[in-house]
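Below you'll find the structure I mean.
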Amino acid sequence: MTVALVLLTLLVGAWLLAVIEAWLTTGRLRPVAPLLAGLSHLGRESILARKPDRLFFETAPVLLLVVAVLGAAVLPLAPDLVIADLATGALFLNAVLAYVLVSLIMAGWGPNGAYAMVGGWRFLGQLIAYSMLIVMPITATAMRAESLLNSAIVESQAGLWNIVYQPLGFVLFFIAAIALAFRSPFDLPTAPGELAGGVDAEYTGVRLAVLRLARLVMVITLSAATTVFFLGGWQGPLLPPWAWSLIKTLAVAVSMLLVGFYLPRIREADLLGWCWKLGIPLALLNILIVGLLILVVP
Amino acid sequence: MSEAATTLAGARKGRPSILRRWVGQALARNLSCLVVPGPEVALAHGLDLAAADMRIAATPRDATVLLIVGELSQKLDEATAVLYAQMPRPRAILVLGGSAPSSLPQADVSADLSQTELMEAATRLQRLLAEDAFAASPDDFDSSILQAKTEYVCPMHPEVVEDEPGSCPKCGMDLVAREAGGDSDAGEHDHDHDHEHHGHEHDHDHEHESEEHDHHHAHHNDHGQSHEHHHDHEHHQNHKRAHDHEQHQGDDDHEHAHCHEHEDHGHQQSTAQEQSGTEYICPMHPEIRQNEPGSCPKCGMDLEPHKPEEDEGVREGVPEHDHEHHHDHSGHDHDGHDHSDHDHDSSGFMSMVEVTKDLPRSADGLAMDWLEVPFGPCFPGLPGGLKLTLTLDGDGVTEGQATSLVAMNTSSEEVAVETFIERLAAAMPLAPVSYRLLACRAIEQAAGLEPDPAVERGRAAALERERIASHLGWLAQLGRQLSFVWLTRRAAALQLETQRADREQLVALRPALQSLIARLEHTPLLKARLKGIGALPHGSQDLRGPVARASGRTEDARQADAMYRELGFEMRAESAGDAWARLRQRHVEIMTSLDLVEVAGDPELPKLRAIDNPSGTGEATVETPRGRATLRLTQERGQVVSVELDSACSQHIGLVADLVEGQELGDALVAVGSLDLSPWEVTS
Amino acid sequence: MVVQAFFVGVFGLAAIGFGVAVFRTASMVRSALALLFSQAAVGCMFLAMQAEFLGVLQIMMMATEMSIMAIFMVMFMMDPGGLGGMDMSHQKRFSIGAGAIAAATAISVALFSDWGPIVAEAPDAAMQTRELGFEMLGRSMLVFETAAITILTAMIAATAVAIPVRQPGVDTGKLDKGNGDKEQEASK
Amino acid sequence: MTPVLILALLTGAILFGVGIYGALSQTNLVMIMMGVELILAGALVNLVAFWRFLHPEVYAGQMFVLVVMTVMAVEMAVGFGVAIARFRAKGSVEMEEAGDLKG
């Protein structure tokens, strides 16, 4: 039951994102477009690249999808609406997200093409840098909640949402989330204008459909995470908890899309440089501040 | 109109079942098309694909429709065939204006170059897809261009190239297949790979398809937006090239000499493998050597059998080492052993120093394999028709050069002046008006006509309008390159409005243009992305147009023009000379041109004025959107006999090599893009 | 208990299987990822043994660590694709012997020594993380700090060794990657 | 005796053996590091098993596991540092060619 609900949320979210994305790019609002696209992908032949690493080529899209779903599994959408509320939920999310990297390296190496390979290795640097900005803000929220239970983290924000309590952490986490879902402006692994699609350049048909779905679900998962860690999760007046989770999650997801819509792709040198030289020190500072707040403010 | 083609050229085999009908309709209702030569050309022709309910696909993998705009040159034609082969079925071909390329199957739908025709063609195409996406008997697409000859190379010694599989005579590694260009036979290799393929294809009817995809993969390195395969070979090839150009020529034949001599007695050697000639030495401590097997007194490792001449090889250093390999492997070859077995771990060790010592060093001083990757001619984010070949070292570009696949050849067969004007204009899809004007002026000048102010006004206005449109097109292209969707949409929309606008409409567009520019100058990340990129080496000669003016040169043909002085034109120039400065410069020019149009009045397409004396030699210069172009022509009795065109892009394309060298991939592409090259205006 | 035994066994086998695969594939990326999955399986064993925090941590760290391993393999191997079918090993017999002996000894110790009474129940996960925290910042503070300092030193030393003498720059991206997972861990 | 403890210990032992084999048999520095990682993984399994089945109340056990993980990371950091330096200097990280490191 819970599982079904969570999966449904993910799918609906993914569909909505796809619609909005198409709206932004083509300028026309067509609710059926994503479904049509999916259907036509299913109907088209899926080509296997020449002399691929079959294993990786096939595994990568599936792994990405699994990772996205697993990530969502530990995020409570409502007090009782969570697949597994692990005692180390916050850490588990990080662990799962680290496997996005594995999936992309597979997708990059598998097709045995230059564009894909460059894209895959690019993401290595990107994720290692930006997973710092995922881990550290989450650490700060866990510090406030004095627990790694995601539900506990949500409840800890009852009085004051973390976005107010630790705005710095929120900003960093939001940016890192976009980078981790490799959406524009952080879409270096699949840079259409630079690598002609990069990691998904060689994918067609069903595999491509899975890959696209996985990337959308990934955005939803990360938005849900943002909601849980910084936007007070399911908390809110009047509406039922799940509704609040849904609204907040979608709002975050759409804002992620919009950021990509209005910004050009970032330079790779800046991508790494800013993260290591600016982002991570700020993240540490954030942890420090939160620590002080916890000690000082009763 | 080829309504004859009832089944799509690229339809998938299979009876039209219910599900397939759905799929067909789904396909029909979201047409994603790969535009050849490129989206910017479609825009320049005033085609609005979004209005026709078509999505522009970045890669052939993602496209359903191959949309061909205008005539293609021979080279581009071949590249297109490869792109088409890369598109998954069902797929369709839509040709707008011009004939279907010879190397492609017949077009499913073809129409003229106009928005209305496009809309109407799109609906026809949708009907076609909805009905015939799955045909009972689709005709195959297989072209000689897609054939590839398979040859076998040693990953370590790229100079070793055999026709049949085997092992490297030098190091004994298994040779690996790679495709050689040329259209002889697509070796068995391809075919067994096919079977591998459709073994797991989702459908059961894929033989020819996967085969075809093999073929096109074979040409990835040469063509289009295809993906280079087997990087390993590819880069070994590359550092091999480095070898040769450096000191290795002599070395090679000397090695070959060794090959022969060794192969002779390699035979009895290997048969007499275990005989008394063999010494046993410790792999870690070469000084430990004895005649019977045992373990090393120092490290206790098992001693390993070596032949005397081998460890001389070891002592004398690596090249000998190399022969030693080759030697005992050739021995094994004669016995027909395979190489996966133990003989590697005893003596088959291949020196990495040997392999890496001649590699070019990358910027960080590590010897890395280099990888030669083609970008273009139909690459999203590069102007269509431009082929950029970059040698990648990881994510950095070590060298690269650009070639135009659609370069115009100023062949001088006699043509009537009118036809000449039309041809020249048609040959430059990105700046037709400028070249029409250029031709008209040259001919009139040859005919000894004085410029007529009334006409010149209209012409100047038309030229400036085209400049605005062209710069907007460049902005859209920049947006495509940086996946800056908002910019792409906005600039493209404005470009379409500008193209056909008269004075009032243009004036009405001013606020829109201003806001676009203001917004771009304050877009976060954009400045960081462009600043300092693509700065030209000092003293790079003969820059023109915005590129020149962005680096502070006062280079503008309009200054010399009486009409422009009358219109009160004064040139404004940036100074930094990087991509950001070029962006700013184009912004400035858009506004300047707008002012000029406002003063000059309604644009009029240049038409040839009445000529009384149809003979003589004339020369004219026009500041095209990309810079000064000069046309020199001779005409006799209304026939153009000799033509000489000197355009900006033929100068700028030479700069690419300097711009990309040592840059990161992204920066290199931005730098190339910032030049706003138009491959058509490159004179071969 | 049976369930636990089952999972420990399964993941154990997986870990061993992938571990062997590491040295049997020709493709370097494959062997790096095989090692990753072996380590991840070990992490799952931890989970099966109710050491939740450690398990998740292991699974998380190894992902980045082994990915870095992969790129270095590709950098430093002659034949990263494993196309030439060349063998990158030496002194096979000796190594197999050594490995077998080592394993045999450990196994015999495992089998023939008396492990004393077995505790059936483990504290629950939340409790564990709490206690581990107290342990870490209480009694074993010194150890923890030492580890932290060590890793910091290692990071700096490694970077210093690796940076080219002539001009740093292009490679720093790669070095950053190198430090990436160290910091990640330092932040644990 | 509990089967689970033994099971875990056996796994650890075998991983250890495989690691030893790898570390000794490989010619490439990076591959040798992989062997070492496996050895450490074997050790980790044992540590956790001991903690869980013998002294779940003593968290020094888990602490020790963390320290070993740190050691793994340190090993990688230093290893890669050396690898890059060596590759830059010699163009090779092959042990066969590390004769100059011989004691």
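Every chain is named by a letter (A, B, C and D) in the order it is written, and numbering of its residues begins at 1.
Following the convention adopted for this analysis, a contact is a pair of C-beta atoms (placed from the backbone, for glycine too) under 8 Å apart; a residue touches a chain by one contact, two chains touch by 3 or more.
Per UniProt, the chains are A = NADH-quinone oxidoreductase subunit H; C = NADH-quinone oxidoreductase subunit J; D = NADH-quinone oxidoreductase subunit K.
Since this is a predicted model, take the numbers as computed values, not measurements.
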(request) Mind listing the touching groups among the other chains when chain B isn't counted? (result) one piece
(request) Specify the chain most distant from chain C by Cα centroid. (result) B
(request) Name the two chains that are joined by the greatest number of C-beta pairs in contact. (result) C-D
(request) Determine the centre-to-centre distance between chain A and chain D, using the mean Cα coordinates as centres, and give it in whole Å. (result) 32
(message) Taking the mean of the CA coordinates per chain, how far is chain A from chain C in Å?
(response) 26
(request) Averaged over CA atoms, how far is the centre of chain B from the centre of chain C? Could you give it in whole Å? (result) 43
(request) Enumerate the residues of chain B that touch no fewer than two other chains. (result) 230-231, 283, 349, 352, 356, 365-366, 395
(request) List, in ascending order, every residue of chain A touching at least 2 other chains. (result) 112, 121, 268-269
(message) Using the touch definition from the top, which residues of chain D touch two or more other chains?
(response) 27, 84, 87-88, 93, 96
(message) Applying the document's contact rule, which stretches of chain A touch chain B when the two form their complex?
(response) 24-28, 32-33, 35-37, 39-40, 42-51, 54, 111-118, 121-122, 184-185, 187-188, 191-197, 201-206, 208, 260-270
(request) Could you please specify the touching residues of chain D with respect to chain C in the complex? (result) 1-22, 24-31, 33-35, 37-38, 41-42, 44-45, 48-49, 51-57, 59-60, 62-63, 65-67, 69-70, 72-74, 76-78, 80-85, 87-88, 93, 95-96
(request) Spell out the part of chain C that touches chain D in their complex, as residue ranges. (result) 1, 4-5, 8-9, 12-13, 15-16, 19-20, 22-23, 31-32, 35, 38-39, 42, 45-46, 49-51, 53-54, 57-58, 61, 65, 68-69, 72-73, 75-77, 88-92, 94-96, 98-100, 102-104, 106-107, 109-111, 114-116, 118-119, 121-123, 128, 131-132, 134-136, 139-140, 143-144, 147, 150-151, 154-155, 157-162, 164, 171, 175, 178-179, 181-182, 185, 188
(message) List the residues on chain B that touch chain A in their complex, please.
(response) 12, 19-20, 22-24, 26-27, 29-30, 50, 53, 55, 58-59, 61-62, 64, 86, 88-90, 133, 193, 197, 200-203, 206, 209-210, 213-214, 217-218, 220, 225, 227-231, 234, 371, 373, 375, 379-381, 392, 394-395, 479-487, 489, 523-526, 528-529, 664-667, 669
(message) Taking the touch rule as given, give the residues of chain A at its contact with chain C in the complex, in rising order.
(response) 53, 55-56, 86-88, 91-92, 94-95, 98-99, 101-102, 105-106, 109, 112, 121, 124-125, 127-129, 131-132, 135-136, 139, 147-149, 268-269, 272, 276, 280
